[in-house]
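Below, each structure is written out as structure tokens.
Two complexes are shown next, each including chain A; its partner changes from chain B in the first to chain C in the second.
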Partner chain A sequence: MKVDVKSLDTFNQLAHEGAQEATRSMAQMTGIDAAVDVTRISLIDRADVGEELGSGEFVGVQFGFEGALSGETVLIFEDDQTTEIVEALMPGASDDENMAQSAIQEIGNIMMSGFIDGWAEHLEARIDHTPPGYIEGTSEAILPDDPDVGDHDEVFVFRSEIQWEGESVTFFIYMLPEYEPMAQLMSEYAETGEDAIPIEKLAVFNKMTRQGTEKAAENVQQMSGIETEAEVSQISFVPIEDVPKQFDEKLYVGTVVEFTGVPSGFLLVLFDEASAVTVAEALMPVEMESEGLTEQHKMAIEELGNIMTSGFVDGWANVLQQTVEHTPPTVVHDMGQSIIDPLAAQLGQFQRHAFVIDSQMKTDEVAFQSEIHALPNEQELREALETLDVDRADQTEADHIF
Partner chain B sequence: MAEVLIADDSEFMRNLLREILEENHTIVGEVENGVEAVEVFKEQQPDLVMMDIVMPIRDGIEATDEIKNTDPSANVIMCTSVGQEEKMKEAVKAGADGYITKPFQKPSVMEAIQDVVPS
Partner chain C sequence: MKVYDGSQSDEAEEPGPERVKVGIAEYEVTADDAELTTSGLGSCVGVALYDEVHAVAGLIHVMLPEADGMQDDKPAKFADTGTELLIEEMEALGAATGSIEAKIAGGSDMLDFSEGGSGIGDRNIEQVKETLEAYGIPIVGEDVGGDHGRSLRLEAANGDLVVKSANQENQRL
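On to the complex of A and B.
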């Protein structure tokens, strides 16, 4: 089965419109303006779904759906936003726990019916859904169990964020369809032109990304002694103008390199400020006297970013039997969106959509978290996948030459 | 004591290599790019060059190629974060005598040097 940019775009658009429909329904009920911030389709390892939710407590509603598509979908938000949402719906109801729960169930029902109906309408098919079930839980545990993915290790996840205007209330919609019907449907929408990509090659590429992340985590551990684990690897498809929205407004320190070859693009290794200080100090042979981030810290981050970048892309190069060159790293210290914005703009001259490759690593030992984001040229990534020999997928290490 | 030239654009990495090497070797120079590496090699004629690959202005493989053309008996160990097979083949073609992948520990550096410049 193959997908192409057109089919991915269609389904991304479909999920986005579904989220917009859900937003309209909510605005009608509450009078509160909201906007769909981000929608993306990701192919992600089953175990990694929802890692981005962090450690917060969430509440929401869950539906099962079946028909043209089968699976589960949820609408969730952070527990501490419950009062604000319930009061907007039904002033005074937040003091009554049962009433508050019922209000949440109802807003979820109305929003998600709009979401699912949008899909059914576009597919000109019937999609039935179960009544809404109230859910609560911590971080990714609130998300539905894995959909039926057959022999596959990955799941397709459609994820949208809806933001109340002027408020810090964010709704997250996750839709997890069963693998085979979704893949089948996407392939029906694909034109059999030369830009079609076999879905299994996307999945293999995702595995390579996971191995690259593991290598980068191993490098961090070797250099700093901080025990680090690869947490997430996913490949997502988004319109190019939405790429910066994938990043929050947190301050990051890290490196950016431009890589050339097939594919070319940009690669970012980012640390939040506290993690940057922690890891840089672990790299230094002597204890630092200053507090906060200094030029010495940045120098250490520059080299760590360089080594992590190589660890990450070398696997691609070895599997693809090509060279992926990269420029020396440029140190960045800015908000996530400000870092990615000029890079997305540069790619936007040549493409309307982007495959974004995201990885995350962290450790429980100390406060440390790092992210790697790759933004390859879309056309060249497709060329690379075209030449990818699936049987070589685990050959990420170079043969012993010296 | 072997005389060593360190070529790496990262000051952090030059410091780290210097700390590892200076106990048993003489550091004759530290440079930040391939052009400077060739110049200092010609001036100092060190026993060994520890050469990074990804450097601005001129990369380590081009610099190694020129050093080996100037002096075929020169010893060059690539000391790089790049672990790509194709890149290693390029390094061999340019005449590199050894290859250490970052991040490295002191024993692996000493072992690679011992292989190339036996004491």
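On to the complex of A and C.
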């Protein structure tokens, strides 16, 4: 089964419009103005779904759907942010747990009906759904159990992030379809042209990314002595203008390189400011006297970014059996969104959509978290996947070449 | 919304004008005293238009210089078609090009790996200027170029454009 840019785009848009429809329903009921920030379709390692939810408490609704697509969907709010939405619907209800629950359920029901109906209409197919059930839980535990993915290690996830105008309230819609019907449906929407990608190869690319990240994490550990674990690797597909939206105005420190070969593109290694200070100081032979981030910290980050980049890129090059070269790292220290914006713009001159490859590493030892993001040239990524021998990728994994 | 300085969240606690977020390749126009905001401009450019006479304001966040040859159906993504679109939408709300003034910010050349020629940030700025000039709209304030990111807030009540940068003082244009 193959997917192409057109089919990925169709499904991405479908999920986005569904989320918009759901948001409009909510706005009508509550008078709260909200907008869908970003929708992305990702292929994620099963174990990594919901990592981005952090450690917060969530409430929401969940229901199953069946038909042209089968699986589970949830709509979740951060627990401490529900008061306003409950009050808007049923004044006074937020003091009463049962009433608050039924208000959430009511909103969830209305929103999600819009979401699923939109899909069914577009696909001209029948999708039934079960009545919504109220759910509450911590971080990713609130998400539905893995859908049936057969022999696959990955799961397709549609995620929409919705933000209230002028409020710091965000909620999420997650849709986790069963693998086979989803893959089947997407391949039906693909044109049988040259740019079709076998779905399994996207999954292989995910594995490469995970291993590249593991190699990078190993390098960090060797250099800093901080035990570091690779977490989350996913490949997502979004319109090019949505690429910077996964970041906000939070400050990051890190390095950016352009890599050449097939595929070419950009690779970012980013640390939030606090992590940058922690990890840089672990690398320095002497104790720092100054508070905050100094030029010396940045130099240490540059060095670290360089070895992480090399580890990551070497991993890819091994599997692709191609040389992947990269420019020396440029150190960045700015708002996350404005760091990635010029890179998206450079790719945007040639493509309307982007595959974004994200991975994360963190450690329990100290407050340290780092992200690696790759933005490959879309057409070249397709070429690379075309020549990619799936067996070879598995072989490489077994041989621990990374 | 997460912010990198304390000022915005402090202000948010007091009931103020409505705040409307403008995403990348998006625009907003208003005839009320709203505040239009956009964040994370790198090489992107924010074009803020204000017609004091007719009390109409608009903000757009463009990403690339020219729509020509791009086969794209999102005019707001490009400096040329986006600026035109914003002017038209302002006019639809009662503004007149003769009384519109422009302020622009963004277009930094950070992380520009383009070989030779000018970078996307520069070309975005040039294109915005060219389009505004074609409509005879004067640029009365600008904070462009450099190698840092910016976030913007256009106060529709008075046409002030507040430019925030990560490592610099806020500027009011």
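Heads up, the rule we're going with is that the second predicted complex is superposed on the first by the 393 of 402 C-alpha atoms of A that agree within 3 Å, B and C clash if a C-alpha of one lies under 4 Å from a C-alpha of the other, contacts with A are read in each partner's own complex, and residues count from 1 in each chain.
Criterion: a residue touches a chain if its C-beta (ideal position, glycine included) is under 8 Å from a C-beta of that chain, and two chains touch if they have at least 3 such contacts.
All values reported here derive from a predicted model rather than from experimental measurement.
K.L.:
After superposition on the shared chain, which partner residues are touched by A:352: those of chain B (first), chain C (second), both, or neither?
P.N.:
After superposition on chain A, A:352 lies in contact with chain C alone.
K.L.:
Should A:57 be classified as contacting the first partner (chain B), the second (chain C), both, or neither?
P.N.:
Neither chain B nor chain C is touched by A:57.
K.L.:
Considering only the touch criterion stated at the top, classify A:327 as touching first (chain B), second (chain C), both, or neither.
P.N.:
After superposing on A, A:327 lies in contact with both chain B and chain C.
K.L.:
In the overlay, answer first, second, both or neither for which of chain B and chain C A:317 touches.
P.N.:
first
K.L.:
Counting touched residues of chain A, say whether chain B or chain C comes out ahead.
P.N.:
Here the partner covering more residues of chain A is C.
K.L.:
Taking the superposition on A as described, I'd like to know which of chain B and chain C A:227 touches: first, second, both or neither.
P.N.:
neither
K.L.:
Would you tell me the residues on chain A in contact with chain B in one complex that are also in contact with chain C in the other?
P.N.:
Shared contact residues on chain A (touching chain B in one complex, chain C in the other): 327.
K.L.:
Under the definition above, what is the set of chain B residues touching chain A in their complex?
P.N.:
9-13, 15-16, 19, 54-56, 80-90, 92, 96, 98-99, 102-103, 105
K.L.:
In the complex, go through chain A and note every residue touching chain C.
P.N.:
For chain A paired with chain C, touching residues are 35, 37, 163, 165-166, 168, 240-242, 244-245, 247-251, 256, 258, 266, 327, 330, 332-346, 348-349, 352.
K.L.:
Going by the contact rule set out above, which residues of chain A touch chain B in the complex?
P.N.:
Those in contact with chain B are residues 219, 222-223, 283, 285, 299-300, 302-303, 306-307, 309-311, 313-314, 317-318, 321-328, 397-399, 401-402.
K.L.:
List the residues on chain C that touch chain A in their complex, please.
P.N.:
It comes out as residues 1-4, 12, 18-21, 23-25, 39-44, 63-64, 70-72, 74, 77, 108-114, 119-121, 148-151, 166-167.
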